[in-house]
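Next come two complexes, and both contain chain A; in the first it sits with chain B, in the second with chain C.
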Partner chain A sequence: MNFEAIIGLEIHVEMRTKSKMFSPSPNAFSKEPNTHVTPLDMAFPGTMPVVNKQAVINAIRVANALHMEIDHTLYFDRKNYFYADLPKGFQITQQFRPIGKNGYLTILDKEGNPKKIHIERIHMEEDTCKQLHMASYSLLDYNRAGVPLVEIVSCPEMRNGLEAMRYVEAIRNIVVYTLTSDGKMEEGSLRCDVNVSLRPYGSDKFGTKVELKNLNSLKNIEVALDYEIARQSACLLAGTPVQQETRRFDEASGKTVLMRVKTDAVDYKYFCEPNIAPIHLSDEFVDEAIKTCPELYEDKKARYEGFGLSSTDAAIILSDIEMSRYFEKAIVNAKNIKTVANFLIVEVNGYLNKNGMAITEFPLSGDNLAKIAAYQDDGYSHKQCVDIFNYCLKEGVEPEEAKTTLKIEKQISDDGLVLSFVTEVLDANPQSIADFKAGKDRAVGFLIGQVMKAAKGKVNPGAVAKIMNEELAKR
Partner chain B sequence: MKEINIDVLKDAASRLMFDMTEDQYHTLLNEFDVLTKQMATISKIEGLEKYEPMTFPFDCTVTFLREDVPVTPLSVEEALSNAGSVLNNEIKLPKVVG
Partner chain C sequence: MSYLDLSIREIHAAYVEKKVKPLELTKEALLRAKANQDNCFEYICEKEALEFAEKLTEVEEDNLLWGIPYVAKDNLSTKGIPTCASSNILKGYVPIYDARVIEILKEKKAVLIGKTTLDELAMGGSGMTGHLGYTYNPYDPDHKRMIGGSSCGSASATAASIVPFALGSDTGDSVRKPASYGGLVGLKPTWGRISRYGLFPFAPSMDHVGFFTRHVEDAAIVLNALSGRDDRDSTSSFKPVEDYLEATKAKKQYKVAVIPEIVDSISDKELLAEFNKTLDKLKENGACIDYVHMDPASLSSIYATYFVISCAEATSNNANLDGIKFGPYYEGNSYQEVMRKARTNGFSELIKRRFVIGSFALMSENQEELFLRAQRNRAKIVSEVNAVLKDHDFIFVPAAPSVAPLFNASGDKLSSEYLIADNHMAIGNFGGLPSITVPFALENGLPLGANITGRAFEDGEVLNFAKQVEDVTGLGGLSAKKEDR
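So, the complex of A and B:
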């Protein structure tokens, strides 16, 4: 390609507080419109905004996780615009003094090398109401109006769709594991606006910026950006200037589609919010918010890897915070954490996928999963343990009862006993030995199968394979 | 600075969809006269350009933050009592996007 892409992201995260940013209205999902509304949300005269303490604590935690300088005095400003989504006629935000600035996070680039992405600012603000646009009218639901948001603005340092996707994924992991947000992109609690422009390699001037909206999944970010980079590149190569415009991603076609051409920048006439005096945050308050922050994603991942889990396996468990919570409970008394993790990743996930279930609905307790995993470490085969697992789920019984009912007995791993079975089978099958010596590897499989048959499945296949290979080498 | 006169006020009122009487326009214009005279007086002070705009006009801070405790919200009927048009408990407006 002839051009370098310059990508910057603005991410809005809905905070998971109990009440809204400036009003004590409940902040919870409701199917019924306009049921989580107090007079401030509707801009009734005489109402005054009061800052939510937990929202500030959450913002501090996210800023700290992003290695930012934290402002110990909170200032709020009015972003003035006349539109029905906020009846006050302005949004309360932090335009001039964001709570956090000059941070960074580290992602892996295309080649798998660490890359630092600098973060310009993080600030708190309030969400707008939800609008539903019909053919001839619009409907307004103010349940979302006033929900606390943090906005995280990156420096334009990403160069392709993959880096942008990994950046958003890292932000999502931070907000989810600090318990700031559920981070669900598909439900709008984490929303991305992406700015992308191209410039010739070596140039230090920025090209014309295009804004992409409606990117509601990590995969869509990558696909949309790669499409948009190719589109702008084709325009420039054809001698057509890129227009300053807003485009949306069309999931069905995998393309970006023009929404509107941008003209002059809107003047929001920002000024300080006179109804909220500057709020001083003591060192103790800020330190306490950081000290009491739940374990961060990266720290948790490092801990899981310390248990012997691969980076991929740790990431699979951490991809769902509820899965991680289940895992933490399961390993409290686990004999071998890695075996528990394998059961969780393969068997539990398989069951959940098959039944369209979330881990929070999974009927087997973490403790019982650990018991089943421990059987495997005690010498029961994986297949036997899976039988116990399935029986527990089907009948709702404890693992011990399942084992007894299924008459599952521990496999023989004793070398002496296994050797006697192996010797017996080898003596009875000289042709298979000859086949093996002639290079037919499949003969080993046959011989192991004969041992399993002779032992009625009670010997450990791993031990059989090991001794079989040793004995074949001697003959 | 743009001169504030009756025409400017009428244009602004029209765009904001405010319905105002001639008397109200004159009252507003008189208030703007006071404001613009004050601005003109301040603008005469020498060296103003050396000063950064203030983030907040008062040199004071507070420490109060509201505990994150929700209250009982308004009933839907109360919340929508001032709405001109309602459909399925949502406020109905003329379409606001093209």
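So, the complex of A and C:
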């Protein structure tokens, strides 16, 4: 390819505060439309905005995680335009003085090298209504009107779909672990608008920008951008200029589709919001917000790796904040954190997937999971522990009781003892040895079974198999 | 003579002495409201008022507003009572919540008699632009003179002695100018002193809840009740509320600035003679009166500055009235069509003109030259005013260049009389300063008002001096009823 792609992102994150950005209305998911609404959300004449303190704290935390300069005076502005989903006829935002500016975050590029992506600004604003378009009319749901948002605007420093995806992933990790948002792209609580243009390598001018919308998963960002870069590249090679337009990602075809051609930009007639006087944030307030910020994703990951977990395993646990919460509860009294992690990643996840369950619904307590993991560290076989695990889940009992009921006893792995059982069985079964030598692998299973029987199941099958194979080879 | 014509304190004393009951005064106020021929009312709350007053049987001796009938400008949100801001776009709108000031007066058991007319959406100063037509000045039974606006109905109703006090709002001089034409006390306190929650916004950076009374003491009583922090209006002040009634009691000696550039722009000789007489009386009374110059260029620019800022803010504040949530619904094939029809039919030409001007001032290519320049000029004027108030307690000047004008009077809108003497009171809105109008004389039976503007949060001082003006002129309790003139 002869072109370099220039990619910048604007990410809107819905904040999970108790109330909305400027109204006391609950900010929570509701299936029933128009139930979380106060007069302000519907712009009843005379209602006035009051800034949500928690939203400010969240924005400070995200800005800090992105290494930004934090403005200690809050200003809000009005963005004026008419639209059916905009109750007041303007949106309250922070156009002229965003709460944070000039930050960065580090991602890994295609080659796995760290790359700094600079972040221009982060500001607070409010969401609009949700629209539902029917055949001949539209419905409006004001539950979303006024939901607090932070918008994070990157510098145009990403060069391919993978980098953009990693950038969004990193932003998502920050907003999720600062408890700013649930960061769910599929549900629209994290929304990306991507700007992409191409230019010949070596050029310092920007090409015509295309905006991509409807990118509702990390994977889609990469797919959409790869497609779009190829499309624009083909246009340019064919001598057709790229149009300034907005395109939508069509998930089914994996392509971007034209939504509208951009004409003159709308003049939003920004001006300062007169109903909110500038709010001074004391150093103490800002410092406290940062100091009390929950542990960030990257810090947690480093800590997990410090427990001996692989980077992949740590990432699996951290891919769901509830999973990491569960994990942290489970390891409070755990002896071997790695064993707990393995149980969580393999057994617990397997159970959750099989039952279509979320970790928050998982019936076994973290403490009990740690107890089961401890049995394994104590010498019980993995299979025995899995039996206990399954029994606990099935019967809803404590691990001790499961172990007693299942009559599970610690197995012998002592080589000398195992060897004596193996020798005894081999001596008693020459035919099976002959069968094995004749290539019948099944004979080994039979022989191991005999050992287990002779030892009344108290030997470790792994140890038996190892020694059996060694002894067979000798005969 | 009826108790209804007395001051709030006198009515209260009559309640305490059981000479009269709130229900009786409520009925009388309702009778007067219904008989009113000056187009003061958007809505008379007869049923609601009677129900409310009936329950008022045990007098609250420590609550001066208990059982006092009042009216409110129809741009204050009243739960369950239609509120349309005298605009067709809000015709039929019944709010689901009370403005903070309405809520307070309910708690105080004052009795809301009706909602009063205004210039459409509070934009205007004549009382001529509401959707019900002109509101008249009760001092002129021939209906040839305006009461002024935008709080025209509240001013007219108080001047006609329908109620002892009335709520209004003041963005440029919408309480203080009609107070001047109606011989009333009109107070616009410090910005942030009274919660604006529930006041339909015109230009929030300059909007104030204000009110009319016929006595300075009554203004202090009402301010005592309405002042204070409200968490729903984040611009309302946390400053402790002083006892304003107490503040009016001991006569204080003040240094008062008279601005010659304002006074000299007035051509009405009789007015000027009366004003000078008042100044002499105040001097005798102990006031130190100084003539303090201000830059005439700054004063002449007040109106343009006010107009640009207020129109700009107004166009945004009223963008919610789009025919989807509020305003008459018209069918359309797109949201644009629905909005266009509702707004085209709902707003009068004058309002649309202001929106166009406001939008124009905010457009990115004009903002620097219009809106931001106006903002800077506003700050400059405020600093010039504050410089005057550094050495002087108040600015004291005529509130208007004349008695209530005739409806058909045509003035020169570029004369300094218009630009300065007719518009200087917006200074109080630019700086959020406490400002009060009190009558100082009658000219051919028509009242003339003087304006006192003081330092922010010195509302008590402003009231104290207003009381002194009232005392030296002897015009306390003035009303349009014949026996008072």
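Criterion: the second predicted complex is superposed on the first by the 417 of 475 C-alpha atoms of A that agree within 3 Å, B and C clash if a C-alpha of one lies under 4 Å from a C-alpha of the other, contacts with A are read in each partner's own complex, and residues count from 1 in each chain.
In the analysis below, contacts are C-beta pairs under 8 Å (C-beta built on N, C-alpha and C of every residue); 3 or more make two chains touch, one makes a residue touch a chain.
Keep in mind it's a predicted model, so treat the numbers as computed, not measured.
The superposed arrangement places chain B and chain C in clashing positions on chain A. Contact with chain C, but none with chain B, is seen for A:Phe90 once the two complexes are overlaid on the shared chain.
In the superposition on chain A, contact is made by A:Pro45 with chain C only, not with chain B. Legend: residue contacts after superposition of the two complexes on their common chain; A:Lys269 is shown touching chain C, with no touch to chain B.
Look at A:Gly445: by the touch rule set out above, it reaches neither chain B nor chain C.
One of chain B and chain C touches more residues of chain A, and that partner is B.
In the superposition on chain A, contact of A:His133 is made with chain B only, not with chain C. In the superposed pair of complexes, A:Asn80 makes contact with chain C only, with no contact to chain B. When both complexes are aligned on chain A by C-alpha atoms, chain A residues 39, 42, 50-51, 82-84, 138, 140, 274, 277 touch chain B in the first and chain C in the second.
Note for the complex: chain C touches chain A at residues 75-77, 83, 85, 90, 93, 95-97, 99, 196-201, 203-205, 231-235, 312-313, 315-316, 318-322, 324-326, 335-336, 339, 359, 362-364, 367, 371. Listing the residues of chain B that touch chain A in their complex gives 16, 54-58, 60-71, 73-74, 76, 79-80, 82, 87-97. If you check the complex, the residues on chain A that touch chain C are 39, 42-51, 78, 80, 82-84, 87-90, 138, 140, 267, 269, 271, 274-277.
Only residues 17-19, 24-28, 32-39, 42, 50-56, 73, 75, 82-84, 96-97, 131-142, 272, 274, 277-282 of chain A touch chain B when the two sit together in their complex.
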